[in-house]
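Chains: A, B, C, D and E, in written order; residue numbering restarts at 1 for each.
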Amino acid sequence: MLEVRDLTTTYGAVRALSEVTFTATPGKVTAVLGANGAGKTTLLRTISGLVRPRAGEVLLDGEAITHAPVESMCRRGVAHVPEGRGVITELTVEENLRLGALGRAQGSEPLDLDRVYTMFPPVADRRRAHAHVLSGGERQMLVIGRALLARPKVLLLDEPSLGLAPRVVAQIFALLRRLVESEGLTVVLVEQNARGALSIADTGVVLNLGRLVVSEKASTLAADEQLRHAYLGF
Amino acid sequence: MHSAQSEESHIRTHNQIECRPVPLSADDAPVAEPVFSLTDVRVTFGGLVALRDVSLDLAAHQVLGIIGPNGAGKTTLFNVACGFVKPDTGSIRWRGEQLTRLRPDGLADLRIARTLQGLGLFGRMTVLENVMVGAQRHARTGFASALLALPRAHRDERALRDRAVAVLEELHAAQFADRLPDSLPYAVRKRVALARALVSEPELLLLDEPASGLSSDEMDELSGVIRALTERMSIMLVEHHMDLVMKVCDRITVLDFGRVIATGTPDQIRNDPAVMEAYLGDEVDDEAVSALAFTGSDGDDARGA
Amino acid sequence: MQQFLTTTLTGLTLGMVYAAFALALVLIWRSTRIVNFAQAPMAMLTTYVALTLINAGYSYWVGFAAALLSGLLLGAVVERVAIRPVEGKAHINAVILTLGLFIVFHSLGAIIFGSNFRSFPAPFGLRGLQVGGTNIALTGFGIFTIVSVLVVMLLLVALFRYTDLGLMMRASAFNQEVARLLGVRVGRMLTLGWALAAMVGSLSGLLIAGGSLVHPAYMDSVVVFGFVAAVLGGLDSPVGSVVGGLLLGVSLSFVSGYLGSDVVALAALMILMAVLLVRPGGLFSHAAARRV
Amino acid sequence: MAQTTTAQRSGKPGLRARLGRLHQESPLASHLLVALGGLVAVVLALEMTDEFVNSQLATMAYFGIAAGGLTVLTGLNGQLSLGHGALMAVGAYATALLLEDQQLPVLAIMLLATLLTAVVGVVVGVPAARLHGPYIAGATLALAVAVPGIALFFSDSLGGEQGLPVSVPDVPGWFSDVVFFLSANETSTSKYVAYLGWGSVLLTFLLLANLARSRVGRTWRAVRDDEVAAELAGIRLGRTRVLAFVVSAACAGLAGAVLAMVVRIAAPSGFTLTLSLGLLTGVVLGGLGTLSGALIGAALLTFLPPLFTDIGLGAGLSDLQAAELAPLVYGLTLVFVILLAPAGIVGTLRERWRRRRDRGADDGAPEHSPPAASSSAARPHNHPGGNSD
Amino acid sequence: GAGGRPEGEGESSASDVGVTENSVKVGAHFPLTGVAAPGYSEIPTGARAYFDFVNANGGVDGRRIRYIVKDDAYNPTNTSQVTNELVLQDEIFAMVGGLGTPTHSAVVDFLNQEEVPDLFVSSGSLQWGDDPEAKPYTFGWQPDYELEGKVIGQWVAQNMPDARVGLFLQDDDFGEDGEKGVRRYIDDQIVAVERYTSGNTDVAPQVAGLAAANVDIVLGFTTPSYTALSQLVALKLNFKPQWFYSNVGSDPALVGSLLAQFSEGAVRDGGSLLDGVLTTEYLAGVDAPDDPWVQLWQRVWDQHGGEGQLTNYRIYGMAQAYTFVQALQAAGPNPTRDGIVNALEQIGSELEGPPLAAYRYSENSHMGVEGLQVSRLEGGAAEPLTPVLVSDIGDAPIEEDDSGAQDTPPESGIPEVEPVG
């Protein structure tokens, strides 16, 4: 279980997060929604320690990890798929995946890299190539696959559908559902594509200008036209 | 010029599904006189064939959408059109002329502009300066007048600035003129990138995933902008957001594994089973998903609590 | 003929020395993306450590080991104290920082050890070998040099190509943030990279010094030619830096012998330019990167 | 840009704002104004100080010119040159050779030396333009050590190791008259050379400031920030890089010409790697990409080392220890500046100042704030179109 | 006490720039840091020790000599800066012993223009003394390289007339002037010329070139470290010609110690490697501990030296300092800049001092020591093979003149020169 309590993060004078509190439960997908610049990315980066919060705390299974080093997150079972440039382009595709498996959660068995290749055939074709030759979508697939090789308990996804073909998005969402249901994975999903995200999420939280303004069951949120209009624009 | 015949035969050889390329029914927008066309373009990277004899046409003041699975070769197609990638075979025609020895830095003069799949903004320059760089083509004065800060250089500079401001205003981004791009929300940065492309007053605009990372609202806005732009230019658009593609494109070309598997109007494409199968469909390949779904894997019970 | 042979052989040994230095630069480049100009005076300091021990009566090999160890330590300390704060910042800042360290170590060396020429012993003979009555301009120490550089090169190749440690080091160099997210202890990797590089640098210092003279500036020309060798090879490739070192060593030896030693540096420039004109990323660079 | 800073430093907000506006309206006028102010300052400085300080200022002048050129190349165009000392050598040797036969007026000689170095800049810049980061560093490093060898190789015409003596031109009568009229001081040759040097500084900086502000400077920065995007905007990468290199080389050539007259000799050992690296450190210490930073860097290069030696001697060290101490302290200064003020002196001051201004008046009209090398202060913003209907 | 002449003969006063009632300020530029520092940086320590010795004994005419040394790192740009400091800021009375040809060239015009006596430049270039009209304030000190070349050339011509001669030269005025001198006698015997650039320590290609030309004797105009390097390469190539090194590079104590440490078996005793090597001498060095001058230097160094041993570089500095004290005494109780120059021109050639031969100072020449002798190194010491051979630049003949070698130092160790005029 991942709990976020009163999290406040600033960039210089800019307050990107103000006293955000929510809980992501195992076996559930929590969608984090909000307009551009609402603070979604900052939220995930604060959870995984890339940015240090001004105040508040992050608890993983009751243990405070607010100030734990970023490097330790993987081993604690928290995997973060960063927004955009998550591929180490100078390494080969396979090396990127090997790195993912190297940092897997404590006590977990390694997964065969081939599993990623089965899930994402375009990546498989390019396994010996340097990652910089990959197309935008192929990179995104690589990053997601790499995060899963770390066998996380908590998966933080920052706009995973960015640049992916609709079919692949469907595939990934299906995978997420499967993982959540059968493995009890905790998923925090940041999406610009609110409709898609809500369709697979159990709960949805909405950020606006760094504040958490709504926290609802996903189905309720999708049904509430007023909310949707006010914050999600669809 | 290629013939419709050859294109057709290609598609037939690679694709069992019959799909009728241009020309289409009479009520369609006329494609009679394409301003931009690629003919039999082939690109290989080592052993990988990224584009397999691709041909396509774009008529004036139309929007051509290019869609297809990831890695299908869409960006590569743009790269060919921009001179970043030299095709092994095939030719490019623009405004009735064959483009040989195309170089990216010559595009602006050819009145072609492109946005990048990444943003490619100049990080240490203000938004205004970013856009003014795009206006480079309109500059009239050279090194000497810049060195001596002659009045005409100053006038020139002001003209560039005015153009840049005008485009920024058009895209509702003028209030960010003095900011550095990194500090701006993603959607604004995307508009800045678009402004930089537009300020050169292109007649052909290549947009690579202009909607990625945008909210639905912003996407609506964007489609308005794109439609409005067709007044002034022809547009090629790579995008994975089908809502946007269907809304703004006059015609759509679908790539898969570097081949054209379909070309037609949005309606035709929407219902094309081959496209459905390769790209649009949302039925899930169960085998693939279970590969990464841990369960049933070699070590699923070893996972720590 | 004799002169040709001599020139080739001395060029070969010299090239190996450049290669050793280039390997150290490649190692740091691969693990932190920084070109370490301070490598030369760092190696100078560790060579003096060895010299001090040897002069105090210890055997050559004790000094040798001590120099390598102190190199390891010095590299780690330098990375921790000075380099860590600028890692991941503007590239030029790191360059200037290593230049600053260059000056600091240089004058420290002169202050601590004096700025006189001192001779440095070699563990093997310095007389040319005799092969069938003719003299070959290859000494026992020369052979030692060649062998040890090749061994180091192979070890580095193995480290980077086949081990997880090497992979993590490279990941840290390329993208610290992503590497952290993947659980790589980036700080440790960087320290390790510097420590290993400084050790290889120390080795090159010992090899250059062996059977020759040392003074606080004795590594200065090596930094130039070693860097040129590394760039020739492509900066990323251990094999490349050895090839670059040999190419440079042998050709400069010929230039010096047949054209005059004053144009040696000019020749180095020409060779570098010629190679970079054909391959802007060095001899062993990968295929041109995808730009868009 | 850098060119505003002189005005900025002079202080009162009212004046600054007015200057700022002038700067927007007519950059040339504001640059000229600053240059004129500079000229007055130069005359005052040279007339009020003794011959020794004059000579130090002359030294600072050639460092300043070269540093100005280098800061443009590295700061604005992102090319790292470790070989500017070699380009200075070209200018210096040209000056020495031209002054030898006393045919041309000194200004013409300086111009020719500058042009010649610019030509060499083309020769070096064309291949260098294809290179990146450490590769260009390597190539220019090799250049720095190779060029002195040329002087040795052609020792018949270039004087070999001993170098070429430089016969400093006589002070023209009108010049000493003007100086006498202004200050009632006599003009020695070394003072004349200092005037030549500072005249060159002002001219160079005026032109560089013009360039930096113009379209040309903008294309340089665009290439520095993103090559692909710059190319798509119609910028010819190679040509742009070469141009920046040539401009910078020309500055180095002029600096070399001044150096030759100040030092009165052009010898290979005067243009070692130390010179090239010194320039670079000066530029970074002062604040990369800013002309005022280049000037500060030049001052540091001129005044710091003797200061450290004197302090060392004053503390009772032996000559040798004091001599070694100077580089030690210099190196340490370098290290600490990079660690504590990575944006250099000017960059750091400017950032301080901006932060204070931001705190003082948070939503003042956005001024033309230069994109300084380091951080970008982001301000809160409302997302347009976020809270629509 | 020992301070030259009794006091009261003249009023001590601030007679010129840098001179006060009780002090005379002199300056020098040396490479104390950088590539050229090894060795050369010892010279000023010797000079300072001797000045301290003089000061401790009452100075010259009651004036202490204040000796300011500035580091130029062997870079003419720096030389020009530090000379400005010395002349304009420190206001020295005279420059004494500034080192290096390119470095000192940068300031020689300035010094003459400012009318600062520029005494005893530490370099054997001809330009310090061959044109007193152009450089009236500048004086050389050591034998010029051309003179040395002539002596070496004549010796080879007389003793090895059939030998194939190879030259191994430093690529600057040192090698060039030396070659000029040598060629006056054995132009036709020279079959190979190899030049090394200072700073490039790989001399194997050059030595291999000499070996390939099958030379019988190599004449080396090298610095000590390059002497050592060439010996090492010769060892590696098994190349065994007769070696003849110029005075600059033959310092047997230094080169011997450099060669002494090399690896087990290869070079155990460095001195022995130099056995049989020929060289020239104009100043007795540490290898001749019985020489009265060397005994004086040893005494001075023991009393006033800093760290380290007495070395030939330090002896060089002391001998220069000794000459300066002589000149200052000759300039009288109220020395002026012009006065000291004038004094040197008047009586410079009669000064009795440490060098084996006299100085050539006169109104027409500011050249330094006029001769040297050829010696052979044996067991780490030089054994003379010839009397002192004196000559001058150009085609002046070489003559034997041992008179200068008879000079011995005064008991007090401080010269006693009568004021001129």
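Keep in mind that, in the parts below, contacts are C-beta pairs under 8 Å (C-beta built on N, C-alpha and C of every residue); 3 or more make two chains touch, one makes a residue touch a chain.
Just so you know, these numbers come straight off a predicted model, no measurement behind them.
K.L.:
With chain centres defined as mean CA positions, report which chain is farthest from chain B.
P.N.:
Centroid comparison gives E as the farthest chain from chain B.
K.L.:
Work out the mean Cα position per chain and let me know which chain is farthest from chain D.
P.N.:
Result for max centroid distance from chain D is chain A.
K.L.:
Any idea how many Å lie between the Cα centroids of chain B and chain D?
P.N.:
Each chain reduced to its C-alpha mean, chain B and chain D end up 43 Å apart.
K.L.:
Chain A to chain D: how many Å between their CA centres?
P.N.:
49
K.L.:
State, to the nearest whole Å, the distance from the C-alpha centre of chain B to the C-alpha centre of chain E.
P.N.:
77
K.L.:
Where in chain C do residues touch two or more of the other chains?
P.N.:
107, 110, 115, 220-221, 260, 262, 264, 291-292
K.L.:
Chain D: which residues touch two or more other chains?
P.N.:
As it turns out, chain D has residues touching two or more other chains at 149, 152, 228, 320, 324, 327, 373, 377-379, 381, 383, 385-386, 388.
K.L.:
Which parts of chain E, given as residue numbers and ranges, touch two or more other chains?
P.N.:
32-34, 41, 171, 197
K.L.:
Would you mind writing out the residues of chain A in touch with chain C in their complex?
P.N.:
Per the touch definition, chain A meets chain C at residues 48, 50, 69-75, 79-80, 82, 85-91, 95, 98-100, 102-103, 130, 132-133, 146, 150.
K.L.:
In the complex of these two chains, what residues of chain E are touching chain D?
P.N.:
Touching chain D from chain E are residues 32-34, 41, 44-45, 48, 69-71, 73-77, 80-82, 84-85, 88-89, 101-103, 105-107, 109-110, 113, 125, 171-173, 176, 197-198, 306.
K.L.:
Taking the touch rule as given, give the residues of chain B at its contact with chain A in the complex, in rising order.
P.N.:
Touch list, chain B to chain A: 45, 48, 68-71, 74-76, 117-118, 185-188, 209, 212-218, 240, 242, 278-285, 287-295, 297-300, 302-304.
K.L.:
Provide the residue numbers of chain A that touch chain B in the complex, in ascending order.
P.N.:
It comes out as residues 35-37, 77, 84, 105-112, 114-116, 118-122, 125-126, 133-138, 140-141, 145, 148, 151, 153, 159, 162-168, 170-171, 174-175, 178-179, 182-183, 192-195, 232-234.
K.L.:
Which residues of chain D touch chain C once you look at their complex with the stated criterion?
P.N.:
74, 80, 127, 130-135, 137-139, 141-143, 145-150, 152-153, 227-228, 273, 277, 280-281, 284-285, 288, 320-321, 324-325, 327-328, 330-335, 338-339, 342, 373-374
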